[in-house]
Every structure is written in structure tokens, then in C-alpha cells.
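Written out below as C-alpha cells is the structure these notes cover.
First chain written, first letter: the chains are A, B, C and D, and each begins at residue 1.
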Amino acid sequence: MTEAEKTIDLNADLGEGFGPWQMGDDPAMLDVVTSANVACGFHAGDPDIMAKTFALAREKGVAVGAHVSFPDLAGFGRREIAMTPKEIEHAVAYQLGAAQALAAYAGHRIAYVKAHGALANIAEKDAGVADALARATHAVDPTLTLLGIALSEQTRAGVRAGLNVAHEIFADRAYLDDARLQPRREPGAVITDCKAAIARMREMLEEGALVTISGKRLPTPIDSICVHGDTAHAVEIAQGLRAALAQDGYRLRPFVEG
Amino acid sequence: MTEAEKTIDLNADLGEGFGPWQMGDDPAMLDVVTSANVACGFHAGDPDIMAKTFALAREKGVAVGAHVSFPDLAGFGRREIAMTPKEIEHAVAYQLGAAQALAAYAGHRIAYVKAHGALANIAEKDAGVADALARATHAVDPTLTLLGIALSEQTRAGVRAGLNVAHEIFADRAYLDDARLQPRREPGAVITDCKAAIARMREMLEEGALVTISGKRLPTPIDSICVHGDTAHAVEIAQGLRAALAQDGYRLRPFVEG
Amino acid sequence: MTEAEKTIDLNADLGEGFGPWQMGDDPAMLDVVTSANVACGFHAGDPDIMAKTFALAREKGVAVGAHVSFPDLAGFGRREIAMTPKEIEHAVAYQLGAAQALAAYAGHRIAYVKAHGALANIAEKDAGVADALARATHAVDPTLTLLGIALSEQTRAGVRAGLNVAHEIFADRAYLDDARLQPRREPGAVITDCKAAIARMREMLEEGALVTISGKRLPTPIDSICVHGDTAHAVEIAQGLRAALAQDGYRLRPFVEG
Amino acid sequence: MTEAEKTIDLNADLGEGFGPWQMGDDPAMLDVVTSANVACGFHAGDPDIMAKTFALAREKGVAVGAHVSFPDLAGFGRREIAMTPKEIEHAVAYQLGAAQALAAYAGHRIAYVKAHGALANIAEKDAGVADALARATHAVDPTLTLLGIALSEQTRAGVRAGLNVAHEIFADRAYLDDARLQPRREPGAVITDCKAAIARMREMLEEGALVTISGKRLPTPIDSICVHGDTAHAVEIAQGLRAALAQDGYRLRPFVEG
């Protein structure tokens, strides 16, 4: 009798250029990750970049999700905009549909939805906004998966809406005891050392739990590791995490694969 | 033996507000037309207005199409933008997908695609741009219909792409001998008298042909009559055309209905 | 010995169309008010509408101010955007300069700055944001006046920055005891009866004070009465207020006139 | 008796980031050029980037101009938009004013106006558009200089409008016999070799003429050399040109300096 295969997904934000401007090294990241969160034109991305990113992801066998945001190009979706849950639902549906169409155009298929930036931060804690995200996704296509931050309102809202939910953790961020990410501006919030990130990821996968800064274990399913695509050593760290996972016997594959 | 039922469609541009701004009387027009060309956020419309318009159209049994445009809110899509056919394809797919998602969200379904403003004008004469429009539509969903100006590159491109094509005529515009619309700025180009519009429409339907300003007949299938939604007497003229069609024994129904 | 002449200003928001969309009846309002708060393209207005509005205001002898906002056309500037005070300073300077140039182009001159929508609401209470507004104004042109809500952080910030400050009251809104406007959603917050609005305005002018819903008097200079331009009976109410002021012996003139 | 001092200006496009996106190496270029054409938010740039760029230019003693464009962030102002001359006038005034205000905010002063991208290309040949550019500039501030392509409609329109005009040549582009730039897509249109660019520049300065690909000399005043800021070796080439000019006895200084 053989042991069940261990699988894991690596996801990163891609397609984050706009018009003449580039961000990150998409071709390199697409060689490392198994799922790409593709910007939909509200915080980054435009129809040309989306088409190109979906085509490249298809070519490299990388699953794609709609990375939905507040409408805020100038602020890269990182600024909260006082929109009602209903307005957020409409904005999410709009972006998701646009992404589905351009994925279809490129011969690919949107497999999941993930919130970006300020929208993600709010949906982490605010059940009303998280429900808006999940409801919009379900209304457009109930077979889509919601990729949400583990132990957040995002994943709970996905379950409430009847969606498939994938739980993600961050290898390079510190967790507070309430399962929230330590704010970036605080010292130690972001782990920039590749070895440290690998160690943290391994600990969380072994324990099946978030490990907080005080050492608490918060049990959670873990379907995907989020890696960053736009920092200085993004590709390097992602490669390091991937190599470590392979070494530990994980098969890397999208969380939504058949 | 009974005569085959005569059917015809009336289409108008709707959902053309943006943010706090309104345009036209959508609820009144939705009581008259059988197909609504709904703005997709590039020349007018936003996710909230789209959701509202699709919901109202569904409620009133009106078919909906994605009214796609150059990205030009400030110019209402009436200004040509020097985009390549490939960029136009991506922009069309983006808008179409957004419309499909918000229609699904509202319990409705996009049945067709129609070009707006400057994009429509160019696609009327430029086979390359018309093909871009048709290709994008086909790539996103080959079961969609292309609603195009009768005897234009639009409808020819739809046929080339393997799409269902619906041919529309204008009751209130004068035609040149090459089947093109007389430019708006020329005297007589726009017919504002309701009776005159009705007479022209009847003549074209009877003849199965465009009737040009010189009296030429240009045979064409006629699936839909385009009525304007944003002029002073828009609703009145649309009602007049509808009444005349009913009187002539036409059943009004969307061209895409089962 | 003659009594000193009593003067007062009436201000309203104008130039609030965008592209093909209109809002309010600007020509009618410009016959009533003495100061026009002109949208600068961030919540409404565009270069064409701005040029047209400044030209019309000049023709009618109406003073003009830059009505500055968060960058939010879709939300008409009514949604808070999480911008830093420094970002707000830059955004205010940008809009103010654009307005100055288009006023110059139209042969007019920007006399003052006023905050719009969510930016105004925040600057009413948040000294940091109010200071950003005042600092930006001063940096661009220290001779400009800041038109601010009476007894708010706006007017205090103007004083701190060394600007001329004009204090405005609302004839058609109820005041709380802390000098803030009662939120619109609460019953009685908005006065839609013209006679009631006139009576309230007279009471406040006579007392030289805001009169709150509990009957408290909060003394303040009063340089301008704000009237709304976009409600159903906007023009009518503005005309009623103007007639009442004239009857009471006020000369209507811009607060910034020589 | 001493020989009159030879002076020349080097100009480059700067401040071409947008929101989170960067373009070029502005600090490095500001050490080389004497005039910076700063994007005004229509094709690139935003209020924050403008403020930062003006502050840095002031610090380094670099003159600044408003680099005005069609409203087209997604297309970086490189796509023609079918705007009327009147609409272009308004758009130019808007951008110029915004730039003046943010320059004032940063303690600097806009010295000139230059057209960018598609607007520049059209204004090179179309007298109507060139006049719109010059008229808008003159209306906002008649003391501003128009920096225009030598022997183009741009400089002629500046003269017609009564503006100071500065004539620029390109060291790294080939000229046709009608004084127009050879289209970029044609072989040889862009000179990427630093030595070749220096040689061409020297030849044109010595001759006081454009030197065309057929060897023709087209006499023109030359006030400024345009260098590119966004290509791979932009800084290097600019440094090479600057060093060559210094070697030839030129003092580098803004064309608008006292």
C-alpha cells in the first residue's frame, strides 16, 4: 500500500503591468508557481496584458484566477474605497467576467477568484465584504473556487456561499495570534530571508496550522502557499520554496486541478 | 394553410448612464424594444448600472447584448482611437466578458454583441476592424450573435467568423447608395418626424432592401430596427414604430429568441 | 451717517457634468448665485465643461472657485479614498492649477478653493486633512481664499495656513449641537421646503450664529450661503433665498470681490 | 575681445511613471539634462510623481516644462484620439495648469510647454493642432516658451501665437528631406550607437541645420537637443552627448534661463 501523494500549490500575483508599464518578471514566475492571480484592470492589468498573461500561463500549464480589486489604478488597489457590499459585488462580477472572457480568448479558463490589496484586507476581517466577494463569484459561476486567506472571513464566506474554497498561507509574513497578518510596517512582519521563509513554511505544513509570532498553532487546511512576485528577490524566494517543497515530497500542482 | 408569422426586433442603446449621471429613460424604452444594447463601461455604464439594466431587461423580457466600444468615457466612445485590430479584439473580449458576468449575476444572459460609436463606424467600412470584433466574439462564445449594420463589413465579418448574424436597419437615418449612413452633419441625414420614420421603415421592410436617398433598392435581410434612446422624442418615436409594426402584422420579438 | 452696507454671497456647485452627461441647470443657477464652485475633473467636470463654465460665469459676473475632490468620477467624489494628507495636497494642487489655467483661458480667475463631497466631509472634522487642503492652496497661490464650512476644521486650517477664509452656512440642512451637519439619511436633515429654508437662513444671519436642532446658537462669521444645484427644485429654492436676502437689504456679491 | 559664449540645452522626458509603476531613471537623467519635460497625468505621471519630479528638478537646477498629451494613460499618449482643436486647447490648458500648480507647490516654475507622443506627431504636421497647442499655452501664460521640433508646424504655430519658441533637434533620429523624422519602424530611423549620435549632433550644430538622410542641409535655429529617457542606454547616451558638447566648448544651460 502506498502513502497518499502530498500535493501543494504555489500562487503569485501576475499580469500587474499597465499600458506601457511593467511590474515583476512574469515569465520567470510562471516557471515556478502553479497558480497565477491575474490582475483584471481595476488595480493593474489591461485587456492586452491579460490576454498575454493568460496565453503564457496556458503554455506553461499554470492555473489562472481573477485577482479582483477596488477600482484604483493610481493606488494599485491598496487604498480602501468606501463602496457598499452591493457595489463590491458588481465590481467583482465585472472583473471576473472580463477575466473569463480573456482567458477563453487565450484558450485558458479562470479556475478561481482571489481578492487583492485593500479589498483582500477588508474581506479578511469584514464578513459583509467577504460575503459580497463570495456571492458575486457564485452568481457568475458556482463551480469557481475561492482562494482565501486561511482562517479569515474570506474562506468562511466562501463556505457560506457554497463555493469550493482553497486556503492559502504566506511563507514570508508573520502571523498574529488571531490568525491575521502582522501589519507590514511593524518590524519582523515581512520575512526577507529565503531560508527563514522555507523554515516557516515547512513548520506550518507539518503542523497543518498557522504558527503565530507567540508560537501558537492555529490548525487550518493548507492548499496553497502565496509567494510575492514584485519584490527584489521574488523569483529567487519562490524558487527556494518550490525546491524545498519538492525535496519534502510534495507534488506541485494547482489546487483546482481535476 | 396559414401564412408564416412575420417577426421583427426593435433594438436600442441602454444603460448609458455613468456613476451619478443618467442618460435617456431606460424603463420607458424597455417597454418598447425587444433587444437592449447595454453599455459595458468603456463609453458608458458601470458595474452598478449594468447590473440594474440587466435585471430590468430580464424582468421585462427584453434580450440583452454587449454594446462594445473604444475605451473613451469622456468622448462617449464617439472618438476614434488609433488601436490595432489585436488591441480591439482584447478590448471587445474584456467588455463582453464583463457584460456576461453581470448579466449572469442579474439572472439574464448576453445574447449578442454590437459595436458602438466610433468603433461601429470604423467596423462598418474596415474589414480588419470588423474581423477583430467578430473574432473576439467568437473566441469568447461562438454561440453569440453579432448584431451588425445591414450590408456592412460588420455583418460580412460575422459570417466569416462563423457567427450567427442579425442585420439591422435604421428607421430614422438616410442611406447613401453604397449602403452607408449619410453623415449626421449633412441635411436630411437624420429623420426626426415620426411619420416619416415609420414610412421609411415600412418601405424597407416591404422591399426587403435598404432604400437610399437616390431611390436605389439594396436587398438585405432585415432582423432588427435600431431606434435611438437618447434623443428628445426617443420613446415616442420608438412607440410609433412599434405600433406601426404591430399594425402591419409583425410580432415583435428578439432576433435571438429560441 | 449711513448704516454700513450688508453684503452676502450665494454659492453653488456647478460644472458637474462629465463628457456627454449633464447635471443641473448651470445657466439658470449662474443667474442666481454670486460664486460658483466649479468641478475640476476629479469628481465631475472635464476640460471642455470647465472652459465653458468659466466663460459663462465670467459673462454673468459670477466669481469662481476650484471645487476639489478625491479622484473618483464613478462615485462623484462621495466615497472616501484612503489617501495620505500628502497625497491629498498633491491632488488638490493639481486640480487647483488645472482650474486656474482654464479660468485664465476663459478670461476669468479662480478666486477661492472649496472641498467637495467625501473630502469636504473629512476635512470638516479631521485637522490633518483640512491642513492638507489649506497648505496646498497656500502653496499654489497664497492670495486665494478658502471657502469653508463655518465652525469646522476647514476654516480653522485656512486660518492656520494664513489664507483668507470665507465661512459658509447651509440654508437647507439641519445642524447638530457640535456645529456639524446632521447626516442626510436622518429624518429632518435636509430641508426641502423653500419657506423653511428662508426662515432658517434669516435666523442664522440675524443671530450671526448657526442654529442647531436643539435650538443652540453657535456664533460664527457668515460670508456665504451654500445652495444646492442638483436637486429637483434647486433653482427655485436658490431664487427664493436670493429674493429674501434682497428684501432684507443685503447686497449679493462674491465674498472675494475687491 | 572674447568670443560669444556658445550655449545649448539638453531636454528629456521625465516623470513618466504612474501610480506604482516606474519608467526610466529620473535621478540619473536629472544629472545630465538641463530641461525636463514632465508628464502631466494624461499619458503618464500623477500628482505625487509630478510633485516629486519638480522638487528633484529644482534641487538639481533643471528647468521644467509641461509635457502635454492626449488623455490616454493606457496607450501612453501614443495613440491618436480624434479630438477637435478646441478640445485639444482645453486639454492642454488643463495639463499646463496642473503642472504649474505642482511646480509652484515644489518651489519650482514651469518654463515651457512641449507636446508628447501622438499629439506631438500631429502638431508636427497639422497647423490647426499646432495652433491649438500654442493658443492654449499663450492663453494660460504668454511668457511661457514653446519647445517645438525644429522646422515643424509646432514652432511656426508658436511664432504665430506670439510665444517664445525654442527649436529642438534629435541626435538619435534620422531626418527625411522634408525635415520630418523618419518613422521609427523603418531601418536606420533610430540611431542606437552613441558615437554615431554624437557625430550627427555635432554636424547639425556646426551647420546650424538639420542633416537629412540624403545629405540635405535644412537651416534652423537649434536651442535644444532632445535625448530619450526610457531606452536601455538612455543615461549613457545622454552623458555621451553632454560630454561631447562640453568638449566642443558649449555651456549647457536651459534655453529659457535669464
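Operating definition for what follows: contacts are C-beta pairs under 8 Å (C-beta built on N, C-alpha and C of every residue); 3 or more make two chains touch, one makes a residue touch a chain.
Just so it is clear, the model here is predicted, and its values are computed rather than measured.
Undergrad: Give me the set of chains touching chain B intersected with the set touching chain C.
TA: A, D
Undergrad: Have a look at B-D versus C-D and report the one with more C-beta pairs in contact.
TA: Between C-D and B-D, the larger count of C-beta pairs in contact belongs to C-D.
Undergrad: Quick one: chain B and chain D, Cα centre-to-centre, how many Å?
TA: Their C-alpha centroids are separated by 44 Å.
Undergrad: Please compute the C-alpha centroid of chain C, do the same for chain D, then give the distance between them in whole Å.
TA: Centre-to-centre distance between chain C and chain D: 39 Å.
Undergrad: So which stretches of chain D touch two or more other chains?
TA: 74-75
Undergrad: Which positions of chain D touch chain B when the two form their complex?
TA: 71-72, 74-75, 79-83, 118
Undergrad: Looking at the complex, which residues from chain B come into contact with chain C?
TA: The contact residues of chain B facing chain C are 17-23, 44, 46, 73-76.
Undergrad: Considering only the defined contacts, which chain C positions touch chain D in the complex?
TA: For this pair, the touching residues of chain C are 41, 47-48, 50-51, 86-87, 89-91, 93-102, 104-105, 136, 139-141.
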